[in-house]
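Consider the two complexes below, in which chain A is the common component and chain B and chain C are the respective partners.
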Partner chain A sequence: MKIFRFKGGFHPAGHKELSAGRMVKDLPLLPRYTVMLRQNVGAPPQVCVKKGDHVEKGSCIATAAGILSVPLHSPVSGTVGDMVTVPGPNGTAVEALEIFSAPAEEQKWDGTLAPIDEWRDTSAAILKKRILDAGITGMGGAAFPTHVKLSPPPEKVLDTLILNGAECEPFLTSDDTLMRLHARAVLTGGAIAAKILGITEIIVGIEENKNEAVSAMEQAAWGIPGVNIAVVPLPVKYPQGGEKQLIYALTGRKVVLGTLPMDVGCAVLNVGSCYAIWDAVLNGHPLVERITTVTGTPVVSPGNYRIPIGASLSAVLENAGGIRERSNVGKIIFGGPMMGFAQYSLEVPVSKNTSGILLLERTEAAQFTGGPCLCCGKCVEHCPMQLPVSTLSKACENERYDLAQKNHVLACLECGVCSSVCPARRPNVQHFRKAKTELKEIQWKEKNKKI
Partner chain B sequence: MNGKKVDLMSDNMDKKELTEKSETQRIILPDPTRLILSPSPHIQTGPGTGKIMLLVIACLAPAIVASLMFFGLHALRVLVITTASCAAFEYLWNRISGRKSTLNDFSAILTGILLAMNTSSLTPAWVCVAGAFIAIIIAKQIYGGLGQNPFNPAAVARIAMLTGAAGAMTRFPAPNSIFFAPIPDALTTATPLGAAESFSAMGKGVEYFNSSAFLWRAFIGETSGSLGETSALAILIGGIGLIALRIIRWHIPVSIICTVAVFVSLVNHFSPGTTPGVLFHLFSGGLLLGAFFMATDMVTSPVTVKGGIVFGIGIGILVCVIRIYGSYPEGMSFAIVLMNALVPLIDKVCYIRPFGHQNIKSGRIEPRRGEIK
Partner chain C sequence: MVAVLILAELYAAGLIIGGIGLVLGCVIGLVVLFFSVKSDDRIEKISELLPGANCGGCGFAGCGDFARAIVEEGADPASCVACSALLASEIGKVLGREITVREKKVAVVYCSGDKSRAVACAEYNGLSDCRAAAAYAGGGKGCRYGCVGMGTCARNCPFGALEIRNGLAVVHPELCTGCGKCVSLCPRKLIHLVPASSKAHIYCNSLEKAAVKRKVCKAGCIGCKKCVKAFPGLFNATGGLVRAVEPEKLTREDLEKISCPVHVLHLVEEDFPCENVEKKEQKQ
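On to the complex of A and B.
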């Protein structure tokens, strides 16, 4: 299969060996979980339980509010507590529901969602309903509700489902681990999604540094009838797992600025979401736990952990052995080092899209001093969207949003490559995020004015 | 040590287990009050501005050593005066305008060294100081400092010195002639380029300049000229170092060299005897120094690879035109400054289109350089 190389991107040191190649460790039962309400793009779900209610593992605790929303489920059997305010992973305080665990011997799954063994004979509508009921969102980063992704408007013709196993972020190995250990489940989840979309072509894109995952997925691909699965090793290059870059690498189709992958006939699902689909359809388990990489040089025992959603960062770190003596932790990051969020508290709960928890030494952590731009062109050379980054950086810094818009700041992925390679250490991504928010606000205001 | 010590006090744990465990290992958690909060990305690659400047200076080291070997203490004198006065002007400007000192980005030091590389070892001290003033204050700080200057400061200063103090700037000592003593005028000679031009103007043949003995001397640097430009060998070593360290892209120097080679071959093909051969042009004068160290200045060269090639071709053509048909024997700094002026235009024309743009209308972009207000 022909692989298209996208322009730009770079190859940072991987550090995947810290956490790769091991089994998934389970977290012991914690006494208390705080489940954040807003875990998905779109409207936060509405709480449907009250204080003192008894819930089982997987019981619905909040129902979807509108189309772009998914329900939430309890990660544990126990008693519902108060609504509390916890520090959220992206820096703002958020509302969360407290759940106190019942003793370990009383833990059991809620049986509301029955397993659908004969999913091949089940209608797409029922399967889609199941994905919604299980509260599945994209598990790579943005947490976009998966059932919405699987409901393209009828006029769009899709022909390819792409499973994103690129995992191009340095340090992270959770998708790698998932594909090594649960290749069949991931591909079955993919096949279910393909059935919902009514297509038979599945392409799995995996960066070629994950040999074991590639061979496990290739072997598992033989055992799944009804769909054509191609497992494609991709060159190691960040951001190979960016949606547009992945579609281009695997199909040669370019997603035009301002349109969606469905406009070029593709749907992209993260392998973690596929595993969650499999779990929801064949086992009847809603999304209440996920595999997360806990890594970084200061961590005593880095690795991949199966973490219930709502477990706090401090509990996760305690179970990973804490940090080494004499280590000077500068940053704790939810997600990868390129696109993740820096944390300021150990009370942050793990959510559906926490693909990694990364600790960086003070010396490893980047600090953007924001010197004058040298126009060296490194950012332009490495930008995966081929944007005039050096111009944009200065325009956004000085709030020239008109110029920023002309130079397509809205097409920016926020992948972080330009800041990472900048010799002047300019915080480009920060400027672009601000400009994008401001521009969207301006557009929204103009739209309202017309009405 | 700054980690906060936390005993394994999980509530669900048996007390017995707890005492056993806390004896064998204590779990340390990071101290949240000492965490850095900043937006992504959280890792950096490659050297920073200051380190890049230092690496360029390190790559200039072979040329500096060669200049000291051939021109002795006079070379050292010029080098020290220009570097020190560039640093002093940078410091003074920041002090007077109330800015943070920018000496630690080493760009002023680099400008000073490059300026010395571009002047003769016989240049009087006051001319060196005036050159440093022009380079730092007029060509750089007035535009807003590092990153905002449209023209290469060292090249601007050299042009100003050459036009303003032509007599002082065009006295070149013969190599190895002087080490300590003040130089009698008799020992100064013409540079190879100047000699070649006067030879061809007088109708004498230029074959002498194509002889392998002469080319070898030009290659290792045993000719007269400015400090850093005589030894092609030393500059090539440094230039290859710059490319290997990925500080500069190879496109600009290679396109300059190729353009000069093609241009000179064409001239020699159609009117033989006008000018010496390709190798003479490459090894003599400031061509290599300019191609590797001055045209590639990040601030004043185009942003894209495509633009860099256009920029290099432009410099190559201009330098050949000035050398062969112009009244000056050497035109590298003129060519660089003239092309610097075209860089914003080159950036606009040679722009890459955003990924996934469809038609020209939606993909039209407006790249800018310098300060954006």
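On to the complex of A and C.
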């Protein structure tokens, strides 16, 4: 199969050996979980339990509010507590529901969702309903509801389902581990999604450095009838796992500005989401836990852990990793080092899209100085979206958001390549993020003016 | 003979150049006569009188646009917030009518959490811009209501009336014209416009409970309502926060009588909290 190389990108040091190649460990039962309400793009779900209610593991605690919303389930059997405000992973305080766990011997799954063993003979609508009921969102980062992704408008003709197992972020190995250990489940989940979309072509894109995952997926692919699965090793290059970059690398189709993957006949699902689909359909388990990488040099036992959503960062670090020397930790990041968000509080709960918890030492954590642009053009050379980064960052710095818009700041995928290659250590991504929010506000103001 | 010829040539050259100049001059004169844009010279006079800071406080694109609007659209000159009474009367003379100036307003930053008093909860390493910081975790300070202290208001003030002192925005009332540009820029919405005659304010914006506030700031209003009890009509308490309703009626003696325990209620003229605290501590 021909592989297309996308323009731009770079090769950061992988550091994957820290956490790779091990089994998935379980987190011990915690006494208290704080389940963040808004875990998906779109409207937050509506709470449907009240204080003092008894819930089982997987009981629905909040129902979907609107199309772009998914229900939320209890990660544990226990009692519902208060609504509390916790620091969210993106820096702002968010609402969360407190759940106090019952003793370990009383832990059991809620049986509301019955397993669908004969999924091949089940209609697409029922399967889609199951994916919505299980509260599945994209588990790569953006947390876009999966059932919406699997409901393209009828005029769009899809022919390929792409499973994203690239995992190009340094340090993270959660998708790698998932593919190594649960290849069959991941591919079955993919086949279910393909059935819903009515297509038979599945391409799995995996970066070459995950040999074991590639071979495990290739072996498992033989055992899934009804679909053509191609497992494609991709060159190691950041951001190979970006949606647009992955589609181009595997099919040669370009998702131009202002269009979606469905416009070029593709749908992209993260392997984590596929696993969740398999779990929801064949086991009847809603999405209440996920495999997350806990890694970094200050962590005593880095590795991949099965963490229930709502477990707080401090509990995870205490039970799953352990820090060598507290004073040495320079930064704690949710996600990978390139696109993740630095945290300022240990009370932040793990959510459906927390793919990794990364601890960096003081010497490793990059500090931005924001010096003047040297006009060296490195950022322009490496930008995977081919944006005029240096021009853009200067425009944003001088608050010329009109110029930034003209130069397509909205197309920036915030991959962080420009900031890491910049010799002047300019905080380009932060500039673009600010420009995006300011442009949104300007648009909103103009819209309101017209009314 | 030769000399006469040279002289004649010189005169001829002069005449030719002069003639061309005369003709072109006439053309320009005619063009001016027929194509001139008729403008009201009052617009020019008024735009010269206006402050020229283009702050946009009047709602027009700038001082020039506002001058045009005054003359052509009958806009109220008093909507220029930066004009003094003297300037307004001058503009009134140009227009030939009386102008009543609105009460002057100045900005006030309802926060006294500078670096020495607000507790830092994180190390912020991003863009040094309040709006960018507020969109993420809100900078290094623990309080989610107080001044971010990165000076977006100070950088954008057209009159240079705001200053960042020790990580806190401070207004210089004598320079402030009350244009309100900072009010819309502040991501925490803690800059307000108050009458220029205000004498004292409660410099806190946090709606949290007192215990929560004390954890993140040494200068938060604890809602003890000592001021409300002393002057019930002048203060308004909502939850953990008290506001001065009629700040122009407060006097130095009143404040001494109240003696705010956290010193968030203080006079406008001593709006530099770090110095105040030192003075107070020295007294004690």
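In the analysis below, the second predicted complex is superposed on the first by the 439 of 451 C-alpha atoms of A that agree within 3 Å, B and C clash if a C-alpha of one lies under 4 Å from a C-alpha of the other, contacts with A are read in each partner's own complex, and residues count from 1 in each chain.
Throughout what follows, a residue touches a chain if its C-beta (ideal position, glycine included) is under 8 Å from a C-beta of that chain, and two chains touch if they have at least 3 such contacts.
Keep in mind that this is a model prediction, so the values were computed, not measured.
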Which of chain B and chain C A:L97 touches, first, second, both or neither: neither
In the overlay, work out which of chain B or chain C sits against more residues of chain A. B
What is the contact status of A:F368 with respect to chain B (first) and chain C (second): first, second, both, or neither? both
Check whether A:V255 is in contact with chain B, with chain C, with both or with neither, and answer first, second, both or neither. first
With both complexes overlaid on chain A, does A:P427 touch chain B (first), chain C (second), both or neither? both
Report for A:E438: first if it touches chain B alone, second if chain C alone, otherwise both or neither. second
Quick check on the superposed pair: does A:Y344 touch chain B, chain C, both, or neither? Answer first, second, both or neither. both
Looking at chain A, which of its residues have contacts with both chain B and chain C? 91, 341, 344-345, 367-368, 427, 430, 433
Spell out the part of chain B that touches chain A in their complex, as residue ranges. 1-3, 6, 8, 10-12, 25, 27-32, 34-49, 51-52, 105, 145-148, 249, 298-305, 351-358, 362-369, 371-373
Going by the contact rule at the top, pick out the chain A residues touching chain C in the complex. 87, 90-93, 341, 344-345, 367-368, 370, 427, 430-431, 433-434, 437-438
Interface with chain A, chain C side, in the complex: residues 121-122, 125-129, 131-132, 135-138, 144
Touching residues (chain side chain A, partner chain B) in the complex: 6-8, 10, 12-13, 28-31, 91, 101, 170, 244, 248, 254-258, 298, 314-315, 317-318, 321-333, 335, 337-346, 358-360, 362, 364-368, 371-378, 380-381, 384-388, 390-391, 394-395, 397-398, 400, 403, 406-408, 411, 414, 416-417, 419-421, 423-425, 427, 429-430, 433
